[in-house]
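Read from first to last, the chains carry the letters A, B, C, D, E, F, G and H; within each, the first residue is number 1.
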Amino acid sequence: MRKDELKALLNDIANGKISVDDAILSMKKAPFEDLGFAKPDSHRELRQGTAEVIYGEGKTAEQIESISNSLINNGQQTVLITRLSREKADKLNDALSLHYYDLARIGIIGHIPKPDTDTNIVVASAGTSDLPVAEEAAVMAEALGNKVTRIYDVGVSGLHRLLSYSNEIMTAKVIIAVAGMEGALPSVIGGLADCPIIAVPTSVGYGASFGGITALLAMLNSCASGVSVVNIDNGFGAGYLASMINKIGAKN
Amino acid sequence: MRKDELKALLNDIANGKISVDDAILSMKKAPFEDLGFAKPDSHRELRQGTAEVIYGEGKTAEQIESISNSLINNGQQTVLITRLSREKADKLNDALSLHYYDLARIGIIGHIPKPDTDTNIVVASAGTSDLPVAEEAAVMAEALGNKVTRIYDVGVSGLHRLLSYSNEIMTAKVIIAVAGMEGALPSVIGGLADCPIIAVPTSVGYGASFGGITALLAMLNSCASGVSVVNIDNGFGAGYLASMINKIGAKN
Amino acid sequence: MRKDELKALLNDIANGKISVDDAILSMKKAPFEDLGFAKPDSHRELRQGTAEVIYGEGKTAEQIESISNSLINNGQQTVLITRLSREKADKLNDALSLHYYDLARIGIIGHIPKPDTDTNIVVASAGTSDLPVAEEAAVMAEALGNKVTRIYDVGVSGLHRLLSYSNEIMTAKVIIAVAGMEGALPSVIGGLADCPIIAVPTSVGYGASFGGITALLAMLNSCASGVSVVNIDNGFGAGYLASMINKIGAKN
Amino acid sequence: MRKDELKALLNDIANGKISVDDAILSMKKAPFEDLGFAKPDSHRELRQGTAEVIYGEGKTAEQIESISNSLINNGQQTVLITRLSREKADKLNDALSLHYYDLARIGIIGHIPKPDTDTNIVVASAGTSDLPVAEEAAVMAEALGNKVTRIYDVGVSGLHRLLSYSNEIMTAKVIIAVAGMEGALPSVIGGLADCPIIAVPTSVGYGASFGGITALLAMLNSCASGVSVVNIDNGFGAGYLASMINKIGAKN
Amino acid sequence: MRKDELKALLNDIANGKISVDDAILSMKKAPFEDLGFAKPDSHRELRQGTAEVIYGEGKTAEQIESISNSLINNGQQTVLITRLSREKADKLNDALSLHYYDLARIGIIGHIPKPDTDTNIVVASAGTSDLPVAEEAAVMAEALGNKVTRIYDVGVSGLHRLLSYSNEIMTAKVIIAVAGMEGALPSVIGGLADCPIIAVPTSVGYGASFGGITALLAMLNSCASGVSVVNIDNGFGAGYLASMINKIGAKN
Amino acid sequence: MRKDELKALLNDIANGKISVDDAILSMKKAPFEDLGFAKPDSHRELRQGTAEVIYGEGKTAEQIESISNSLINNGQQTVLITRLSREKADKLNDALSLHYYDLARIGIIGHIPKPDTDTNIVVASAGTSDLPVAEEAAVMAEALGNKVTRIYDVGVSGLHRLLSYSNEIMTAKVIIAVAGMEGALPSVIGGLADCPIIAVPTSVGYGASFGGITALLAMLNSCASGVSVVNIDNGFGAGYLASMINKIGAKN
Amino acid sequence: MRKDELKALLNDIANGKISVDDAILSMKKAPFEDLGFAKPDSHRELRQGTAEVIYGEGKTAEQIESISNSLINNGQQTVLITRLSREKADKLNDALSLHYYDLARIGIIGHIPKPDTDTNIVVASAGTSDLPVAEEAAVMAEALGNKVTRIYDVGVSGLHRLLSYSNEIMTAKVIIAVAGMEGALPSVIGGLADCPIIAVPTSVGYGASFGGITALLAMLNSCASGVSVVNIDNGFGAGYLASMINKIGAKN
Amino acid sequence: MRKDELKALLNDIANGKISVDDAILSMKKAPFEDLGFAKPDSHRELRQGTAEVIYGEGKTAEQIESISNSLINNGQQTVLITRLSREKADKLNDALSLHYYDLARIGIIGHIPKPDTDTNIVVASAGTSDLPVAEEAAVMAEALGNKVTRIYDVGVSGLHRLLSYSNEIMTAKVIIAVAGMEGALPSVIGGLADCPIIAVPTSVGYGASFGGITALLAMLNSCASGVSVVNIDNGFGAGYLASMINKIGAKN
């Protein structure tokens, strides 16, 4: 509960507009709808400045539909569903008008806003197998109203590919660097760029890649400054954070 | 090497101002001075927008002095030395005018710039033992020209302490959340704030805290959006990245 | 073997009611029935104050039926089967009258006792995906004769949801806090409550959640006092222990 | 902040006893004293039902003295300092009248209350090297007003030692089982006892004991019911939780 | 190559019975048949005192048949195949007369020898789910000509079950103790018995049992003397080693 | 970009053959074709002295066909596809003339060159289950124009098998030693041979083999000199590196 | 308590020689002396067939002296103290006549028995740095009355050293194989010998030897049969177990 | 024992020059001198083509002197001692004429041979703190008769430093790439070079660098071909292997 809401509530009490017991009740009346198995949060757009996102994995199509309806009924204009399988997407599409991004495994209900900033989020990925995570980040950022430049298959063992994009890298406002295996991409980009780098380790690799642990550790130990890391395969988190940073310039 | 430098160089060739062999030579002439054991990078201020930072651990006072002198001679106005022990700081102070921050273990040669932005970086820490890391982040951010608000000893098991700073948290432009043990602070702050959170795990704790691994893992798995993570005890990295983000608004 | 049983046996020898060899034989005659592949323990209700619980995973429906029958024939009034799939439950239901709890994956043969205490066990869970483990704990506790209050989907990144249940948390006799990912819920609840907290990490999450290890470690390092931890996904153990604690007040 | 405090505050506003701005101010005036490096919590006795405990490791004697004085000045009658070295204890003793427990490494300022319950906490430990942790738990429990029965050096490889204490084990209200190495003690005790078992792994052992990880894992996987686990070497947490449970009977 | 074989070969050279080149050739002619994908070792019975054992996992029924035939053609009387699925066993049974042990997943071609010792190998297991590993050990030992006493479902949380077999434990010549989860069984048996204990961790359990790692570590840290450990689920290795030890008495 | 290419380009500028802007454009025109999801590198043969290799896992047959065609159209004479399933191979075979190696799971488009060196690469493997990895290495090396000697099923527990190949081992130019489980083969071979040993851990084993980690660690700790290690199951990498070393002699 | 002791006790009751209450008392009177901090077990020689061994690490010289005296006063003829530093040994030597083995870090009070078997325990070690652990095993075995043959510095990368001891290896009754680093020695010896191999990993090595974990894992995964493993650096346990096995032949 | 030695020995028997028993004796007479605690191998120069190297860590100056003398007396011309502290070096210098390399911590007795090849070993390192390991590799390679080019402080976050050495990298015969932290250097160099890369992870870093594990894992997962890895901080092994490879060209 934000300070201004609290202040308004207290003023109402002082003015006799509301009784003490009702005030307590009001404070406990959470800004969410209780579906039993979930409590979708219709105030988050205000509180955190963005649309609600549903994590689709482990939820049935029916549960996702129910949560989506609750959000839309509370006035949400755009609902994003991540980690959504093609099968669930097809089921949902019957009830809700849903646009599905195959590679990113994201479903979007409602309109994708036009970019409201001129600046660019660069999404760079090391190998072909990193694409799903990179796309999750890219689509997420676009759905939140950002321009995105994709630079794919630019792993560090072929430097000339990466360097041919120096321009894009050096003019980005924030960069998402996606890599599995040895996870060196954010370090190399971090040496070229002058903006925050969000490193996303992927579970791509075999043997001692340990499902992304190696890439995660390498990124945490990056010798480049300005690099921070999100969870393995967490394209959503990277896209969300990149949008947050990209819009700072736009707000002022 | 930046594109404009390359273009200038190529123009010089085209204009006959420089021979091909000299151009190659020039391209190979790196913008650093070779001290044998280190290659301090005097162009980094241009390339990455900040002063050079020396990682003090594992270097002798003599090596640090030598690198510092090289940088200053190349025009660097502020040199920061992190992970600097009191002993080495005292030795350095004889040769160079150095200001030493005990808790943060940072030494600064030259002036600390006035904050060039109105916005705030909040540095929050969970426990008393996390202070050295929190201070490393805070001093680093100040040395790079930022205003910093410190909120210390606000661990999640005493929510009222944290909530009494709701105002500071909700108006910050970027927040550094420092915690050891169970590392829950960034998640709770992430639910309150509407800005990027840089999570810094510390090696504080014992037993199954595993020198910060538990806090690191907890932060990577934060259920809050907008949270990214740096290495264990990496106050420097957090302060540097926070400064990058805080200045985005100021540049535009 | 309990001291009073031993004393009775020894008295019988002293009184000549039983020969020495028979006494030894009697002492070796364990209070269990040997089914070959298992030795169901019909005395446990006396020895440990509760009904026998069968761990269903890795046992065939036939084995479970055989063990259940052995227990019932020895006078057991309630038999609980945990980690029981819907398929096995259906098979068992033909032979035994079994009530099946889908989400909790628990089957119960016999009656569920009425709560024999006025006090409350609170079961709180962080996310929708934690429900199966939370329900295993809740149903278990109910089956052992306790009143249970469920507080679900109250993860720490949305504090207002959790705080709206302050009343329930502050009046609980014992709390089970279930969470995956960063596992911060028990720490935050532990700061609000004045009773034992049983923390249950779940295998919910991906990447660096490592199947619940992160939540487990975070809970073990909780900065709140009064928190102890059970195995990952061990809803059964938490419900059992909570019942033990909840009944202390009732016994006196 | 507890509900009744909130209600009283709101009533004061409704009655005009306090202005809205003052109420907000009052709500933000945290019930702690800010020492800069720490915020000792003088209200915790009310909120969590016990005296404040200072974690001594990593704090200087001066810091501990300062915190202690703050607490005493706010009316705290007993202050406990854990992980306190003999050296710091001696320094503190000059300024504060402190009783020091060598083996437990606990210092106590003020009086230790008489036990206010008839029931017993049993502290059992596997080997001689586990004594410091066992004593930390035992002294902690005594300092919180409990009767404690110590059963030391009863490791599972010499069952007759443990079984000779069957009486104490079977009549305990709560048991703390302390063990390093293979950590089997809580499992064996758990099969004998009918009360909650708090398992404390210790860092005792070498090689593949991994500083207590093996004991920790073994305890988390205990085949006995009613067992929960605290962090490695966390005698304090076990003593605190055992006291909480032991007093349930006494309160009703 | 054994010393006496070498000596005989050298004598043949000295006596002119064989040329130097032929001797070298002979030394290089390994006592195995090369099937291309495998080199079954028909001399192992001599060299290591037992029949050849084929590890069935990862081999096709055809490969197993081919290796078996090679061994039988070289005079092997008994061939054991471990980790053999029912499906492969059925396929093999068409070509070779094979006796299949379901629970142990062992197939045996040829006769099982009568026990050639009077002494006993005890195979004890903690839970029902540990049976397949325990049976692999037991059948293996029987196939090598030993008497085996099975003591199953005697986990440490129900001591009376285990203690009712004190006689068998105290008179065994060697004991195989099989357990998953907290792996405490060998430690408790080790305190009762006066003979070598071979501890076999199993992958039974969930969560922090980590597929048997917890049991493995606990066994390696056993506080009982005379305990050594084999790999997780390695019933074969335990049965083989137990047979070796059991026959020491018989040989002398 | 290689130095001579850079020099040529700069000369062209100096000679006025190319404008500065075109030069920049040319430098950025990477020597790869952009397929959107991948950037096959047609210059690698020049830059790294070998044919392009496609990692088949995680790519669809269609993607592999597309990349292969791109490479062939750019003049590549031999294309190798590793980790290729039989199913994909069959699909590819319709469109491209592909030779498939079942055990090695390698598909080859185009001709396999004749060995261009007289020297030998020895590929040794410990067990039958290690064959797929060993064959991946062997076929890879052959495809790159090397003579390969296979020594399979020569694990260290049967030394006579290994020693019978002393001749091959001692005359090899480079040896690939493939082993799972305890990974001792490279150490033993390393004591016999006088050439570089490339150790390849395999994921063969169970329990504490941890999918090849044990073999990997053992090989990294080899007490023999001249041993280096590649990733678990990385037969491709070993074959590639062995070819590099084997051809050194041939080039001079 | 052994069955015959129990039977005797029960007979006494039946014969009226002892009252029931006294019998219970007698059963609870454990065969150990309670020193407060330890309970030395004077009956172990009977129960487990050997002298008491004191683990010296973490005990003061005073504690060791006190335990030793308690044991000697109860009739123990030989007391062994392992992990005993030279300093403590010197202190103890003033009070007790102690023979100290420097390398093995073992102190022995009383006489070392003559070997009571003709058979041999071979102790083999891989490198010079493994000697302390190997000597702990060897001295331990000698102190328990065994003949020991030492084969040191026979690591697998120099096979000829090891093979020159083929005779000793092939005629041993039990072998202790001690190795750090890659831990391959037991596997190679296991292929040569026809007797139980006790593998002892040592913490010798650096980097990825992880303080003995690599050697431990390699030994657990040994491809040789007849190999079992004890804890890292556990020379004592290996010597004790080897003695147990070596005396089997001698007892019959 | 090499084949030609075996053949000669067998010929001697055939010719009656040596009796069978003497031959066996001769075969068992290992080509090493037994110092009790070590068996220095004076034939290794023949067998493995290099001088003997003593691993200095964990050996006393006296032991090193004794081994060195044994080797020299057997005709060894150059003895290298790695991991030698300055203190031990000073002690040794009194008895033996030893040249000590401070940074590399290597001592050399005897002459360092002139390079016997024209080709170059490049030793590249990422940071200043990696120098000791890099120097161990470089001095080792020089001591074995190679020309070495050092490229230090060329971490991937400052690409221009590394690229300025493209010439050296592209003309090297073999490259040693030394790095701690994220360990990306070998991957980037591997993309530039056309020769074997030996990757050496160092223990440089903090937090999640885990003493070099992160760098080790990253190197094992390198996306560049031609890269293999040695143990953490194993400069010796890298130098030795690089020399082996560098001399291949020289031999032919």
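Basically, a contact is a pair of C-beta atoms (placed from the backbone, for glycine too) under 8 Å apart; a residue touches a chain by one contact, two chains touch by 3 or more.
Worth saying up front: this structure is predicted, and the values here are computed from it rather than measured.
**Q** Quick check on chain C against chain D: do more than half of the interface residue numbers occur in both copies, making it same, or fewer, making it different?
**A** Because over half of the interface numbers appear in both copies, chain D and chain C meet with the same residues.
**Q** Is the number of contacting C-beta pairs greater for B-C or for E-G?
**A** B-C
**Q** Can you spot which of C-D, F-H or B-H is a repeat of the B-D interface, where more than half the contact pairs line up?
**A** Overlap exceeds half of the contact pairs only for B-H.
**Q** Nearest whole angstrom, what separates the Cα centre of chain C from the Cα centre of chain F?
**A** Roughly 54 Å separates the two chain centres.
**Q** If you average the CA atoms of chain C and of chain E, how many Å lie between those two points?
**A** 38
**Q** I need the residues of chain D touching at least two other chains; which ones are they?
**A** In chain D, the residues touching two or more other chains are 3, 27, 158, 207-209, 213, 216, 220-221, 225, 231-232.
**Q** Could you list, by residue number, the parts of chain G that touch chain F in their complex?
**A** Where chain G meets chain F, its residues are 126-127, 155-159, 181-184, 187-188, 190-192, 205, 207-210, 213-215, 217-225.
**Q** Any idea which chain G residues touch chain E in the complex?
**A** The contact residues of chain G facing chain E are 2-3, 47-50, 53, 166-167, 170, 173, 194-196, 198, 216, 220-221, 225-232, 237-238, 240-241, 244-245, 248-249, 251-252.
**Q** For a test of understanding, state which residues of chain B touch chain H in their complex under the given definition.
**A** 1, 28-32, 36-39, 41, 57-59, 63, 201, 203, 211-213, 216, 231-234
**Q** Can you list the chain D residues touching chain G in their complex?
**A** On the chain D side, the touching residues are 128-129, 131, 152-154, 158, 160-161, 164, 204, 206-209.
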